[in-house]
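You will see subunit A twice below: alongside subunit B first, and alongside subunit C after that.
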Partner chain A sequence: MADQAFQEISPADFFYRNKEIAGFANPVRAIFSAIRELMENSLDATEPLGILPDIYIRLSFIDDNEDENLFVLRVEDNGSGIPADYVPLAFCQFLFSSKYKLKQSRGTFGLGGTMTILYGQITTNRPVKVISSTGAPKIYEYTLMIDIERNRPIILDRKIYDNSDRWHGTIVEISLEGDYSKAMPKILEYLKQTAIVNPYANITFVDPRGRLYKFERTVLTLPPPPKETLPHPHGVDVEMVYRIIRVTKCRTLLDFMQEHFHRVGKRIAQRFLDFAGFPEDADPRRLKPEEIVRLVQAMRNFNEFLPPDANCLSPLGEEILKAGIMKELEPEFVAVTQRKPSAYSGHPFIVEVGIAYGGKVPSGEDIVLYRFANKIPLVYDESGDVSWKIVKSINWRKYGLMPGMPFAVLVHICSTKVPWKTVGKEMIADRPEVSREILNGIRDVARQLGIYLSRKERVKREKARLSVFAKYLPKIAEFSTRLAGKEKMPDINEILRRARRLEED
Partner chain B sequence: MADQAFQEISPADFFYRNKEIAGFANPVRAIFSAIRELMENSLDATEPLGILPDIYIRLSFIDDNEDENLFVLRVEDNGSGIPADYVPLAFCQFLFSSKYKLKQSRGTFGLGGTMTILYGQITTNRPVKVISSTGAPKIYEYTLMIDIERNRPIILDRKIYDNSDRWHGTIVEISLEGDYSKAMPKILEYLKQTAIVNPYANITFVDPRGRLYKFERTVLTLPPPPKETLPHPHGVDVEMVYRIIRVTKCRTLLDFMQEHFHRVGKRIAQRFLDFAGFPEDADPRRLKPEEIVRLVQAMRNFNEFLPPDANCLSPLGEEILKAGIMKELEPEFVAVTQRKPSAYSGHPFIVEVGIAYGGKVPSGEDIVLYRFANKIPLVYDESGDVSWKIVKSINWRKYGLMPGMPFAVLVHICSTKVPWKTVGKEMIADRPEVSREILNGIRDVARQLGIYLSRKERVKREKARLSVFAKYLPKIAEFSTRLAGKEKMPDINEILRRARRLEED
Partner chain C sequence: MRKISFSAREKRKEVLAKLEKFGLELYEQLEKGMFPSITMPSRSTDNIYYSPELRQYVLGDKKVRRSASNIRHLRPFAQLVWMAFFTHELTQNQKTSTLRDVFYSAQAYDISFQDQDESDNIITDLETILGCTREDFNVFPEESSAVFGDLTIEYTIPNYEGKRLNLTSHPDGVMIGPALTSAEFIETSADKVIAIEKGGLFTRFIEERVHERFNAILVFLRGQAPRSTRYFIRRLNQELGLPVYIFTDADPWGMHIAMVIISGSANAAHIRELTTPDAKWAGVWASDIINYKLPSDKLEDIDIKRLHELMRDPRYKEELWQREINVFMKIQKKCELEAFSRYGLTHVVDKYLPQRLKELED
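On to the complex of A and B.
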């Protein structure tokens, strides 16, 4: 029919047309997302590789013109750098990335950096400049644009410099349209919260007015680096098994199960194959299509696989989380807890929860919730997030708490696969396994805060009671003395002292 | 660095890895999304082309096995059909679609159907069957799979049948894993709400237990079909202007502006070029990169462009909306309003709002909100949606309303570009222009309901007052008669009649 003109578009074109789903809906959101995406790439290029991050972000007006909403954004890091040959593709081609592995990282879609460059290009028509070195003898400086219709990088210029002091890191400089004055509160909130969960990073931000924001490292130890992991049998589908079969060297299903799946040893492999009804020596490469479906279904239904090992994850740990909270919120009371590793559809995850009371903790009409995933703060779209739903469902009075009191809840989820609702990474989807851990984590720290508050309240009440006691005791003593016909009053100070000591224990 | 293995993946692979962002997070969501995506493709293949939709959906257990969560889903429509050569690409290649145009349609990302087929394939390893004809002398039946790593269709089989009675339409049959019993409430809610906003469609659904759900057409007129439109100057970016320049035949900017942009006539083009500082006879194909940026910036800032014309949109209209509400909710009171067309970033949109009270309207703890976009109901993730935010912000007491009362709010947004937050199309983003129209629309109908309820209340009160009056009037009359020393009492019935008549006016 005349009305149905079919058309093929490139991945770059798809994200160009749908930039709002990747966090680039308008000039306010875009400038926030640009800073966020480049900063997260920098954190991913440092901390997991054992490098204490030093990140410098500068936002300035293009040509010093303060009247237009056009900016230059420059982000520098001391990360691992990108091999020269990969720079054009890694930055200017969609769906080309180092993040397509089963491993915990901040980036997962592998398109934040390229999306940022694309947004800069379509709003300012200027190229991106990327300077990088892996610590090799040369530093490469590329000037690049994206051929959006073809999803290919365009190399406008390439310069090579000597790297005598073996610097390693990456510098990205783009031009973009943005609305900094409106985005500023969210950007600063984002940086503050990033400092809470990355207290081992130095972050410097210079804004267009020349204001300097410095978040200094207070912890010198990095969390254990995440490791790449094998797929857990519970999270496998037919496509994945096909792909593994295509490359496997195993000749028997018994080897196959042990070689390619997470935490499958010989005994478990044997028990599983027996459960699934496959002979141990069947050749995986000769399975028929229906047999593969049967194998996958059995993997899903077999209950004796070991739960995923959280060794591949990189949670913050209670120490670092507490240090981060103390540093930025200076609360009167803080409690943190790390839940035991759990899994949803074969993806391991760990939930960490904190609660802070008093000090610099803000109090609002609603409960203050800080959300984090794989060490990145989520500052938009709170009401669509699983943690928000849980916070709202809790009966806070049970813990002596109410909205409006100065307390904040922190929830951090780390996983090889965070269940994001959107490519813009702002909301976490509601998976029962994840919700349960969040709920239990919040209950745990809320209980601790509840105990603290009720003890505080009791001490206050006892103090009041003792002061009443202290007021009337001399009268009572005097009266009793007279009634007993004695002359010398007993020493009431000793009694009061003892009562006080009793209360304080 | 050893740790950074770069990899290129295909668009099919990207969505395979991230199926949760397209609405296929788990077996419950997946079976809902599969029905929804195929049904919306069917609606898009009928109504906009002037065909009254007849849609038949059947979900059945694979091999009649009720123990496993494996289903066959078959969706038939009487739509325009797909030209035979396009079938493999349209169904089994990502980013190949007929929806990449500036036009209002239910689908926008052009990947719902392919995503559904992919999900079926990775859970059951079975191919999809597509039978289609455009009303030509032949019907084509394809058996297809997706090569996910290459993003290409695999044609397993193709059959050709005679089409002597010139049938047109499409039949899609896939196998998939799902959790129907858990998804059922949402699926039925989705079908009911689809019937509300598409009262001109016949929809039949047969579920795996053989239960039949029929939603019959009650309106024979279709809304005006949406038209393809030119981009509005306010929504243009540098990339778009480049693309237009590459294909334009215009030799002067004056022609260029009139030919390629929405509602730009000669006088406005002249005033704009004067504002932007370009000569009218400049050749668009010779603009320098910085000049293109300047042109785009000027388009964004020029205030005299005409607002987008809503002729290209296809709203329901107050009649159809009212008919749909009456049909499914049978309320005691209903008010609907269609707001004037407006635009955000150059995309025209229209908001339609309804309110229904009493009858079959459910009442819950919270306010009941039905959300629609381009005639599709949104039944997941309510709390992340702009309409929910607005409904929560309204002071309902002002209109004599409170949560818990049996009233429901309906919000329908239609646009050439709905500001979706996610590829799964469940939440609409908060754009100030859109929020304002929703707010004003809700206020308008809420006011009407408020007036209805306060009149109802007043009538009730007046009735009560009159009944008191009627009770005491005879006594008063008797007493007055005696006091006046008269014998005959006046006719009080006449007075009561007149009071009642006064109240009823």
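On to the complex of A and C.
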């Protein structure tokens, strides 16, 4: 048997061979994904750290090339910056990330940014330029490429500048192949929807034809930053428990359970170990593989663990969501609701729902739905998403609404582990715990809109009613006066006043 | 020659008084700070009855109330008050207006009608409230029929007031329009009225001097007679005491033209004084088709359906009608007035007419 059949491939090589997983299947999708990935890295480098994001994105044609399919993408942020020594690894090595902890963030493994750089490299054979500073006295500029086979960064150049202004942030500039004209509608839609859920960000985009799109900050408050949290016993698998055992300092299972799992206290740990049939003083490091499997199964089946706490989540909050909707959709009416935290399989999540009506809200043939996961707009594959299914199942007439009217539904789910339907990360799966929250959230805001609409209709009817009186009563008075041969018109103001109070017939 | 008393001027005064009273009632309600309202007989089909005494359809006791406090009544209410005001102006100034004119005139007063049907309907409301016809307040339909014969009339309309005309003056007949309808009858030598459905025979009768040979005033109905013509025929009958004979095609539709002159229509149940109960349908009868061997056509399904309706109609219960309906059903034939021409152009005047008039006078 040939050696190469069992040849190990590096993570970089793996992603190189499976570009579509990360959204780089074709030039249209690739340019969209490149902007999305770099922008989300920028948002993650600002907002959770308490920095109001200023993000500048420029896409331009490569100067010396008339080929309209080759672009330079430059994304600048005012984020925390990356310590100089980590820059090459952070950008040019797969599965190196600051995100291997449990808290809500946009990306998970830092895969997207590296994938973008890899894609740029393989389509243009040009390096990436990264300029970053943490606010230290120096700014570092790296010119890097990825050694795909070995999954290692190659440093082509490194420059150091003075940072007297104490600037902090990161600038990434890559070259890539793409099809901007076809991707443009989705990119603009993506930016607009990003602005909806990030109204505290200034986002500027300059496209290859020099058109400027500005999404300006309208609120100065940031969502509460997520706290790091331990894994919930319902949400772990055998591999994760293995890894924890490898690093644990605990000598007893009783300590182990309390030390490494979310919301497990002494009493619950005791009850659980009793339930699972393990002695409290067993040494976790001496568990046999089949015992670990049994332990994990018991964790899944034990019903007395407390539900996961939601403080590892960073929902927008009703104020910010409302502000975002007002800013980008300029509706006549908006209602938002934040559902109580809930959990599926040990993963906490919060659903936030908004509804916007009238004003500049677009009206399509079908209902307009904006979907978000961890503050990221999902603009592809709408029809496969659980929210779409729910939106289609609702009897909108009950709320005085029907498709074609100018109203939009917004659904935001945030979780430490978004229940994706596929690896493409564009569709939320139909988990009963999640879909129940979405449905109830939509019902809640739809009811508020329904009340608004019926009140508005009532006022309109009342106005129309009064205008009928105001139009015809004077006519009746005028002509009966003339018919009766009288000089003076009777005073009808009192009757008109009474008409205002008359109940509707 | 007989001299006849004036009546048109009296009628005009009466109508003006009714309109003013209507206005005053509303005015007083408004003065008291009330939402004005009016009550009038209902014209819905469940309130229309046939009166054997009056030999016409009449309205029953059901009333409807229109109130300005009801938002759905407001618009028609305002239209009605305007209509009363407008027709008062017309009548006072002795101007006339067609139904169509009225519809357009409203716009000058910022009163809107969706279409002419709506304004016609308000006119009918006003007729119902006042108990008189729209012709009384000088509103006329477009269509018009004609009259010919020795009757001298005197106009009452402005510019012609006092002028007289003999209705033999024009060989085509004189149009029965607003001026003639409101004219006073001065004198006549006629002793009967012959009303004819179709223009061809009307002209033939004039050419054959039927008016002289039979001492008749000839009226051209032009199909289903307009209300002004029915009113005119009634006046000839009531004011001059002339018997009325009606000639139509021999089919259910012709019969009904005669019947509407005699007993009126359900649509005009709110109006008296439009019918001529003593007028007679003089032909062409179904039995004439057999007796005079007239050329005929086969009855069509729609004719037969109509005959079944008429058979059950309370206006048709008298013997002559029932008999002729049965003959129609039996022979399944119909024929037109012009069918007599088969025996020469003068046959109808020389033979049929004298025979029929004799039969009916006996």
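In this section, the second predicted complex is superposed on the first by the 440 of 505 C-alpha atoms of A that agree within 3 Å, B and C clash if a C-alpha of one lies under 4 Å from a C-alpha of the other, contacts with A are read in each partner's own complex, and residues count from 1 in each chain.
We adopt the following convention: contacts are C-beta pairs under 8 Å (C-beta built on N, C-alpha and C of every residue); 3 or more make two chains touch, one makes a residue touch a chain.
Since this is a predicted model, take the numbers as computed values, not measurements.
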Touching partner for A:Leu473 - first (subunit B), second (subunit C), both, neither: second
Which of subunit B and subunit C A:Thr123 touches, first, second, both or neither: first
Partner chain in contact with A:Lys159 - subunit B first, subunit C second, else both or neither: neither
Dominant toucher of subunit A (residue count), subunit B or subunit C: B
Touched partner set for A:Leu89, first subunit B, second subunit C, both or neither: first
Touched partner set for A:Arg150, first subunit B, second subunit C, both or neither: neither
Touched partner set for A:Thr481, first subunit B, second subunit C, both or neither: second
Parts of subunit C lying in touch with subunit A, wherever the complex brings them together: 19-20, 22-24, 26-27, 30-31, 33-36, 68-72, 74-75, 77-78, 81-82, 84-85, 88, 109-111
Residue ranges of subunit B in contact with subunit A within the complex: 1, 3-11, 13-14, 16-18, 20-21, 25-26, 48-49, 68, 80-83, 86, 89-90, 93, 95-98, 100-101, 108-109, 121-125, 134, 148-149, 237-240, 243, 289-290, 292-293, 297, 345, 381, 383-384, 388-389, 419-424, 427, 429, 431
Partner subunit C, residues of subunit A touching it in the complex: 465, 468-469, 472-473, 475-477, 479-486, 490-492, 494-495, 498-499, 502, 504-505
